[in-house]
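By letter and in written order, the chains are A, B, C and D; residue numbering begins at 1 in each of them.
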Amino acid sequence: MNSDISSKKLFALLLLLVFTLPVFAARVDTLSTYSGLMKKNINAVVILPEQYSKGGQYPVVYLLHGYSDRYSKWVNTVPAIKNQADRLNLIIVCPDGNYSSWYFDSPVDQKWQYESYITKELVPEIDKRYKTIKDRKGRAITGLSMGGHGALYLAIKHQDLFAAAGSMSGGVDLRPFPDSWSIKERLGSYDQFPDRWSANSVIEMTHLIKPGSLALVIDCGRDDFFYRVNVALHDKLMYQNVAHDFIIRPGEHNWDYWANSITFQLLYFSNSFNKI
Amino acid sequence: MNSDISSKKLFALLLLLVFTLPVFAARVDTLSTYSGLMKKNINAVVILPEQYSKGGQYPVVYLLHGYSDRYSKWVNTVPAIKNQADRLNLIIVCPDGNYSSWYFDSPVDQKWQYESYITKELVPEIDKRYKTIKDRKGRAITGLSMGGHGALYLAIKHQDLFAAAGSMSGGVDLRPFPDSWSIKERLGSYDQFPDRWSANSVIEMTHLIKPGSLALVIDCGRDDFFYRVNVALHDKLMYQNVAHDFIIRPGEHNWDYWANSITFQLLYFSNSFNKI
Amino acid sequence: MNSDISSKKLFALLLLLVFTLPVFAARVDTLSTYSGLMKKNINAVVILPEQYSKGGQYPVVYLLHGYSDRYSKWVNTVPAIKNQADRLNLIIVCPDGNYSSWYFDSPVDQKWQYESYITKELVPEIDKRYKTIKDRKGRAITGLSMGGHGALYLAIKHQDLFAAAGSMSGGVDLRPFPDSWSIKERLGSYDQFPDRWSANSVIEMTHLIKPGSLALVIDCGRDDFFYRVNVALHDKLMYQNVAHDFIIRPGEHNWDYWANSITFQLLYFSNSFNKI
Amino acid sequence: MNSDISSKKLFALLLLLVFTLPVFAARVDTLSTYSGLMKKNINAVVILPEQYSKGGQYPVVYLLHGYSDRYSKWVNTVPAIKNQADRLNLIIVCPDGNYSSWYFDSPVDQKWQYESYITKELVPEIDKRYKTIKDRKGRAITGLSMGGHGALYLAIKHQDLFAAAGSMSGGVDLRPFPDSWSIKERLGSYDQFPDRWSANSVIEMTHLIKPGSLALVIDCGRDDFFYRVNVALHDKLMYQNVAHDFIIRPGEHNWDYWANSITFQLLYFSNSFNKI
């Protein structure tokens, strides 16, 4: 993980942890659940805030990883999210989206059914095992890159499950990248199945958002290769009067960007939960 | 103040305060200092975080009010900023900018010298009286509307004093509003003094920003009458490679917007201080 | 032809030909082939470079004419293309697209099947009769106006046949011109068959381009009535990350523009062939 | 030089040279001239076309290098320009612009007077020593990056000397880069001397172009950090009706881009000379 963040910044983060936070009080579980859909065990990280042991019910932020990563990537690369769970008093769940699921139910491969896995298998299991607010108003979902796409995709298709969603550097339009990151293995090639690529691109799903249903926060770095698609999504949401926070920051498609971005996304969701 | 925030949201805020924050630990001073420049006493609110009494040195966020308001407006309208000072462990100072100073040294009226007052009289006084980090890296400045203009204006002209600056719904270009909010009383009329209006508009001051000198965060509501000038400032900063966070949110020119925005601005400055 | 180019420039071209090129060494054939699809003989101009007689295999650039012209128009109006064939050592084939075929297979008139004619009848015949590189990597296609549309249209639909394509002042979106240049005779009227007009407009076919499959060069004059549709195509290709050269030049929809443009298009294809 | 171009492309270039060009006939001189202005000898590369020895008068393209390079960089990195000089029958002169002159006469350092050196010392020397067309219509100037800026800068300020000018990936607006590439050492810092930075940025010099005086060709890669400033220059020239060719290509700020771009720039100048 250390190579993902500049050592200087890591040191600054460590200083912050050591001096402002005597201990990491948050508890981190690795939860293994059996997916009946995909016939295998799948892990997830669950971060519980310090106060969890004292009782109460807690809102949950589902936090998705990017292409080529796994469920443990977020907490290993940005351990400060444990601190933020404590400060904001919320649960963070990091599902596994496999190397390249894009969080679809693949129409061409039964072994890649991650939309159904998260929404039908993981969320109920989390609600069963933990003291969560068992209502859409107590659930948010966000992620980076492939996970930014995934978070908006799942929230828009499952507004019964989520009341807030975010994206960091998200691949919110898949069509400009027909040959990248295994998307064609999940959907079939773009030139043969253009309708499928459109139907699964967030930017073409905005009409599915019920007015006022989702609190949305979308950000991207100015020098990210996903910059153009995020600006296009913002323009479309503006035109369609879909309320959303939109942030452009300095930075590229890397962990320096996401380690900073997640602090604001979690604050956004915390504010959002507090308006319930 | 109550009329500024919808009662429903106010209730939610109160609930938040009562249940998540057993006590407001932050200490709030009203500091009166004599301005030699303007020959009068001027008040400021100073919010000290809970840990202040335990020693140490603290960074300071100067938080400017808008047109027609005064130094006490922020803390009275959004008392939650006391909580945020606690959580982020920083001092908040709310200067008085008078009814309509625009934080200029007026070239036409010696009684309106608020740029000099804040930079030459107030900041040294704060550093003298309180346990602050007495360095530009420990100071940020932000504000709303007239105060958003003021914060960027003062930071750009006084990069020796500030290392971070923000604007919420700021009047970052004065020229489209030649007849509003007493600006012409401070600068002379736009048709007679166009150069003066340009020289005092933030959007025409960007060349003064030394590379890498200022951490900048600029936000505005989509339905704000200052929306266009903020987008224009963003576009110019993008073109000029001046690093900055830029946020467009739902909302208008009102306290619902600012009560939300300030939580993110303070987090931004806290992150910025932690990179020192 | 003489009226198409200003006499001054023509004189300059002639001088150029006389003094820098003592003889036109290129050989120009008029090839007549029988189209089984349209039951008639159709002519094409074939320009062979000077070195052709010495053996070897040569790449081919198919060069399409515009509305109201015919196969012999290019070589008669811009005879300098013979010189360029010599210099760049490639074959130029100028097919006949009839007065107003738009290079479609018309869905409403069996007598207009120029897509099939060129791709199924002409290209095989050229490869049979001449020493060509019999592979997509040895074939490019370009044209002007109706022929710019035609070249991109045929290349996108037949990426098995072409590896490079260009357009000069091309009609790359047909829909803004519902009543012009006999398009409605080929497709049916726009108000009755909007889907057909979209499906046959190049700007709506970009999803069919396989990643990295086509080297593309698109140009247009600033004062051309096709300027807007070409800029729109460029913007879409930029957004979709489809690599292409895009050139805006001074000029209108006339032979001054095309006599200049073709020199750069041929150099582009020559560079492209040399990368094989 | 080999590291500047991918080895695969280099191999393709080598193949091209070996098979299509039996010998490099062009003659390459290294010309050393004494600069009275800067009190030192300065080298330049001079490429003479194969036919030079047969007599006649030849047009000259001045070809400028980028930041951190020198006079020999172009011919060493892209030796194919010798072949192009042969084909197009023109002289190429590569002046030395030192590590970071930006081709200014520096107002703050007498040792950096490269505008005067090139226009008052080098051009006359070239015309004295070689069989050139001794007229503005026989001179063009272009370059890459710092040299793209330099070429447009010198042509606009010296329209008596040049009739054509180009820029590849040029730094045509200096102001967005106040801390880069030693510009501030040449001009003084941007925050202190904004007028000087504007006066020396090509984008602010367009009003100096006499109508019809300069044939202009400007290109940039889509992924170049100078992309934005080149698009801004194009937009301004379009608005001001200043005729120019503008090309956006795939690519970044590197020699793969420039080795391709120079072939088109030289063809453009050759076409331009042939219109004399």
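The rule we apply is simple: a residue touches a chain if its C-beta (ideal position, glycine included) is under 8 Å from a C-beta of that chain, and two chains touch if they have at least 3 such contacts.
As the structure is a prediction and not an experimental result, all values here were calculated from the model.
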Path length in the contact graph (chain B to chain C, fewest steps): 2
Chain D against chain C, contact positions shared by both copies (same if over half, else different): same
Cα-superposition angle relating the copies chain D and chain B, to nearest 5°: 120
Euclidean distance of C-alpha centroids - chain A vs chain D, Å: 49
Inter-centroid spacing, chain B versus chain A (mean Cα positions, whole Å): 33
Touching two or more other chains - residue numbers and ranges from chain D: none
All pairs of touching chains, each written as two labels joined by a dash: A-B, A-C, B-D, C-D
Residues of chain B defined as touching chain D within the complex: 207-212, 238-241
Parts of chain A lying in touch with chain B, wherever the complex brings them together: 9, 12-13, 16, 20, 87, 89, 222, 234, 238, 243-250, 260, 263-264, 267-268, 271, 274-275
Of chain D, residues touching chain B in the complex: 175-179, 189-191, 194, 197, 228-229, 232
